[in-house]
Amino acid sequence: EPVPACNDLAVDAISRERLTRDFLAVRAATENLAATLTAEDQNIQSMPGASPVKWHRAHTTWFFETFVLKPHHADWREIDPAWAYLFNSYYNGVGEQYPRPQRGLISRPDVGEVGRYRSAVDQAVVELIESAPIERWQELAAIVRLGLNHEQQHQELIATDLKHGFSQNPLHPAWTDRPAAAEREAAELRWIGFEERIAQIGAFDDGRFCFDNEMPRHREVVESFQLASRPVTCGEYLAFMEDGGYGKADLWLSDGWAWLQETRIDAPLYWQRDDDGRWWQYTLGGLRPVDEDETLAHVSFYEAFAYAQWAGARLPTEAEWEIAAGSATDGNGPFADDGRLHPTAVTEDRNGSPAGMFGNVWEWTASSYAPYPGFQAPRGAVGEYNGKFMANQMVLRGGSCATPKGHVRATYRNFFYPPDRWQFSGIRLARRA
Amino acid sequence: EPVPACNDLAVDAISRERLTRDFLAVRAATENLAATLTAEDQNIQSMPGASPVKWHRAHTTWFFETFVLKPHHADWREIDPAWAYLFNSYYNGVGEQYPRPQRGLISRPDVGEVGRYRSAVDQAVVELIESAPIERWQELAAIVRLGLNHEQQHQELIATDLKHGFSQNPLHPAWTDRPAAAEREAAELRWIGFEERIAQIGAFDDGRFCFDNEMPRHREVVESFQLASRPVTCGEYLAFMEDGGYGKADLWLSDGWAWLQETRIDAPLYWQRDDDGRWWQYTLGGLRPVDEDETLAHVSFYEAFAYAQWAGARLPTEAEWEIAAGSATDGNGPFADDGRLHPTAVTEDRNGSPAGMFGNVWEWTASSYAPYPGFQAPRGAVGEYNGKFMANQMVLRGGSCATPKGHVRATYRNFFYPPDRWQFSGIRLARRA
Amino acid sequence: EPVPACNDLAVDAISRERLTRDFLAVRAATENLAATLTAEDQNIQSMPGASPVKWHRAHTTWFFETFVLKPHHADWREIDPAWAYLFNSYYNGVGEQYPRPQRGLISRPDVGEVGRYRSAVDQAVVELIESAPIERWQELAAIVRLGLNHEQQHQELIATDLKHGFSQNPLHPAWTDRPAAAEREAAELRWIGFEERIAQIGAFDDGRFCFDNEMPRHREVVESFQLASRPVTCGEYLAFMEDGGYGKADLWLSDGWAWLQETRIDAPLYWQRDDDGRWWQYTLGGLRPVDEDETLAHVSFYEAFAYAQWAGARLPTEAEWEIAAGSATDGNGPFADDGRLHPTAVTEDRNGSPAGMFGNVWEWTASSYAPYPGFQAPRGAVGEYNGKFMANQMVLRGGSCATPKGHVRATYRNFFYPPDRWQFSGIRLARRA
Amino acid sequence: EPVPACNDLAVDAISRERLTRDFLAVRAATENLAATLTAEDQNIQSMPGASPVKWHRAHTTWFFETFVLKPHHADWREIDPAWAYLFNSYYNGVGEQYPRPQRGLISRPDVGEVGRYRSAVDQAVVELIESAPIERWQELAAIVRLGLNHEQQHQELIATDLKHGFSQNPLHPAWTDRPAAAEREAAELRWIGFEERIAQIGAFDDGRFCFDNEMPRHREVVESFQLASRPVTCGEYLAFMEDGGYGKADLWLSDGWAWLQETRIDAPLYWQRDDDGRWWQYTLGGLRPVDEDETLAHVSFYEAFAYAQWAGARLPTEAEWEIAAGSATDGNGPFADDGRLHPTAVTEDRNGSPAGMFGNVWEWTASSYAPYPGFQAPRGAVGEYNGKFMANQMVLRGGSCATPKGHVRATYRNFFYPPDRWQFSGIRLARRA
């Protein structure tokens, strides 16, 4: 059962009961992700851009404390100002931040203290939801709902950051011992055509939840195009590798080629070859052979671009992707709730629509992350949530196997830097009609 | 008298006489830029992204040798394969390249040898233009014309790279001893409105010269907007500085703020304050006081963005800029041909159109450098000219005081990385209508 | 009661009982250091040159497993080859090593597993000590004794690495809540003279324990000199700071001055100034005001050199130090066994000998770490223990407040790189007679 | 004819004529080194630790201007204070310095201006030598003599820095077109024994020139040892390489091994292998095959150490080297004056003494660069000449093929960092008697 965090309701239609229920469910889902981890597992940070699980647990709590309790809960007492310094991620509007690359050094507060911090904040937020005066209800409900969507984003980061940390350990620790999803064949790749149009892009401003970066809804000219019926598989990517794709300069963006020379990368993240030449990949279920039908993940924008060049295609723009997503009919997945945190093979959509648009892997688009025409960040520190990141990053669409079900939608814009690979990021091809 | 390098003619209308004349004029303009420089001046490289003047003189010659003489001139004999290695910039399709950050170590060939190389290639190209068989004329004329536009781009780099190199010298060497342009007042800033439209953006494919990245011409929805009547002045930027603009995190993009912390930048490039608090700037005419009416140059995209935030405005998209440029009526400038290589104050356009759109300073746009819908890079090594750089860079428009007159046009797309400041890059504001 | 690890006995005089007792005592002392730490505390690594406490606990165990159990214990079964990879520090002779800067990422095995690893190895070593055939006893006893001295060295590193890690946390975690040592006044500084001699330097080869780098005992010409009666105090160092010592280039070695410019260091490690200009220092008992009588610690060789220049003196050579240490009469200290892991003030030696030579702080010497004439490293992987580090490091003498009592002696040579400051490293002055 | 710069005379015995003659000869030798170089050749800087030839020409002139003319010549007028900033190397006592890694950016003053600077200073110094009042003669003569020895050191750096710069150029520019020295066989390696002694080490304080770091003369215990009869040849070093020496961790110091992993070095500097596996080396006479009899040069201390380990020997201490040098009987060489700037094969000494101790290649010793007992740097800025470098460097002895004849002596101490290779640095073995 998905946890939609009220995203299906306009904020003025959210009841206290519904918000309480969603709040507790989202908060519990975070704890659930950490349940099998040791204290050390929760404290490691394997690169500056990743954070420890314990930090995510504390930071999401700090978010509620800072943006919900402090302004709305008269009796709330901050535990220690140093905690605000430690667990503020990047909100300059509410104070300085502990250096991000050092989050793995925060041994104190320990996992027990962070657990108690979560409980104390949970209790206070629930009290507040139940008792807030009616005239502040809409404001409160809106910020709680933002906090829940924020926490779901961090749930995905918990999975991807932990995977990166675990991958550094030669013991190949597993987060889950559930068997991998039943093996199945990927669908044949087909091209699905879309007519030229002046499209409406972005989210409606109808009170249902979306992030500020999905608005305003606006028009864009989109020429006719074709989209691949499913994302690229590991087997298809292996063919690119075997054809020498990593060594052909003409397939790569100049910055991508420089990145290859510097990093000596020659395979997706988490892939390794054994002495017999067989490819393995580290997963949150441990080390497993690469399955050719499985959807490819953990490639950078540069690799996605080069693969598309090699395949005689290109990446879709985010407008193209959003148009196509509007026609998707299947439920898709897998999502984080499926408990495996790993992609599967994508089969044919029963209506011939693009399959696997949601869940499984984020799909790199050809679009840089930029404000929509007329974009305005909200006032105050919450305005730092999205807008200030609109440079140097590329948009990804559709959610992944680590995204909570119900969190993502057709207009949802995720964004990462071109070389980033530790997300479940894959490729869907497009081409001229 | 401008040197338009035949850009005003479709390629099938270019005569041998006209092309010869333009060829010699462009080639001479390069030599003219270097005429007052010592051999050492021509060999210094002050950062990995800049190149020595001598290298530019040799590289532009290598371009003609490689793409004009080798394919078209039966008798051409390459001087030394090592020269091709030294002077190939980034064309993987024609061979490996000497490491870019080491170009300042190329003491041999010396300035005399490079001069003789230029002469030998000039002579052979002129022979070729005069004698090429008629059936290869169009192909030849097209590649020569590309080579001339290429050389003009390097003329601008000669100026900006030399300025950066000279600025490292406490003796403040001057490239010119001509007096600075007559001082004059900048026009008042006005806002000029543009209606919403579905605009045609990009160059016509009519045989007149443009770069591949300006095509194909295509439609974009552009909402109504207002554009500033002139670019930002040094005085306006000083007000931003004095208001603490470099210290207010909420004005900056996240990457811009991180860049500030790392570089400790607190003024435009080449600005320095004396003990009395007065601002000076290094120019190619030596050290001079900052003139408040002069058009601001040498700011990064990050600074341009922050300034616009501070001013309650934003940067224009490249489509907006191109629409507005279509309405410009003045000749504008200054351009490189004016021989001062420094911006001036922008006065009112006599028809009330946006003033100073061409020449003076490149204007950062809000648009990342991306392919237009349906963009196709040409086949072969020349296809590496533009397309492979379409990531991580922002578009600038309009040319600068170091751009040769006639080289730039309304559809022209220049591009640099967000932190780059050594170009004559400035700011023009836009805002919602 | 000190734990001398049999160092007072020649190896052929060590009984099984004595070795068992010492073995268990040293092993318990390690566990004791970690007893109050959380799992996260034990896993953090705050710089590449430091290691997590858990890693030290595992590595010292691996040392016994590798050099004692594997060669001597027929029934020993290695737990997992990946553990040998993780916990081998630098012994190329026994295999590859997990990258040192990533030791903080080793979340698995967790603290519980490492505890069980220690117990299993302890039990097997004790069995072996009790049951080893007499003809292998001497060899076994020698390697166990080396392992114990090795473990004591790591006990000191546990304290210093943990201190460095804790110091990164704005909560200032304390390892101990014992009150700081009773405050007392430091003795007046006197100069104690030593006659010129041809000295015998280094350890006797008499079967009592010493490291290979203390041998062979050899002769050196040592001119007459004077040694300070006690190490430099915090108050004396404050005077150097207040006199602008960190800003006077002529006091510093060239490399030291470059290090200052790069790091912007202007005080000992762990010192910070509050808004009132008062100096505080982070200690393993939490944040405390700087006590002027206390012995100065946490300075680099560069700072020690500059201080000595400023004071009109110099650092002693290691031969001078060793001669003077031979005349020391007091028990000195504090050592790690005192449970505070912090230096104290040094009072007058009752016989007028140099006071505070042992314990408290390591004293930088003017001598680079080099082999004594005729030095031979032992054969095999154990030969990597000391010899291969004889470049780029300086010798320190005398032990510190984090050194286990009984571990150090007059001939003991410790060594660190000139910029290192995270050890309890201080200064004792010398000068010409 | 050597240019001994009066080093054979006590300062009170130097006549004005002799000093003038030596002054002009040394100054001319510098110009001679640069005579065949282009302006660009003289301006390149291929690494932070190297300097352009033009800079060396200007800096040595600045040295005379600063330490001779300014204090002694009443009429001297400084050309431009910015020149003092540009050409001061590291003397904090006389002012700030232009950043060393940017010396290659100093295009102005150009080679012509530097030549005129040299002439002007030369003329003034000669006037001064001829006219200085008798009561200041000794002081003047001493500082001029220091300036000449300083200039000779820079002559060696001109050769080695230029070689490094030229080596970056795929055209392999040659400084000389003189044929390489006649090929000859290296002598058989013999071991020459030296008895144990209490040696007198360092220079006599008798008025003849030596650097401050060679004093005071003092006693050291030196145990009996054997020294190789000649330095290591290229052929011997090739045997080490072919035996896998660069891949055997047990031969290397720990820092040396880390240096290998980081740099991926696997041969001496300037060596390269062609497709047939034949070894070539870049020399100042161009690219040449490696000659197995030639004396090995361009290895680091780390490589020298590893080679010695592999050969079952060690490096000599500087005291051992100095004792042996006292017994050398041959004239040795080659020196810079021979005009080839490249090592030759060393043949047998006719008296059976160690051959090739002087000239050819500097020989790494096992001794770190440290002050002799009682060392005192001179007062004032000249005191920065040597003393402040006494950390982190190793001593080399004997001079090289780029050292001016007459400049070096048995007590002369050169020093470089362990990884440095761009000097003509080689290996002589020692071992226990």
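Just so it is clear, A, B, C and D label the chains in written order, and each chain counts residues from 1 on its own.
The definition used in the following text is that a residue touches a chain if its C-beta (ideal position, glycine included) is under 8 Å from a C-beta of that chain, and two chains touch if they have at least 3 such contacts.
Keep in mind that what you see is a predicted model, and the values were worked out from it rather than measured.
Novice: Which other chains touch chain C while also touching chain D?
Specialist: Both-contact set = empty.
Novice: Measuring from the mean C-alpha position of chain B to the mean C-alpha position of chain C, what distance in angstrom results?
Specialist: Here chain B and chain C have centroids separated by 60 Å.
Novice: Indicate the whole-number Å distance between the mean C-alpha point of chain A and the mean C-alpha point of chain B.
Specialist: That pair's centroid distance is 39 Å.
Novice: Could you state the distance in Å from the CA-based centre of chain B to that of chain D?
Specialist: 47
Novice: Give the residues of chain B touching no fewer than two other chains, as numbers and ranges.
Specialist: none
Novice: What are all the chain pairs that meet the touch criterion?
Specialist: Every touching chain pair, ordered by label, is A-B, A-C, B-D, C-D.
Novice: Give every residue of chain B touching chain A within the complex, in rising order.
Specialist: 90, 92-93, 198, 218-221, 223, 249-250, 252-257, 301-302, 305, 366-368, 370-371, 373-374, 383-384, 388-392, 418, 432
Novice: What residues on chain D touch chain B, complex-wise?
Specialist: 38-44, 46, 54, 80, 82, 85-86, 98, 102, 104-111, 165-166, 168-171, 173
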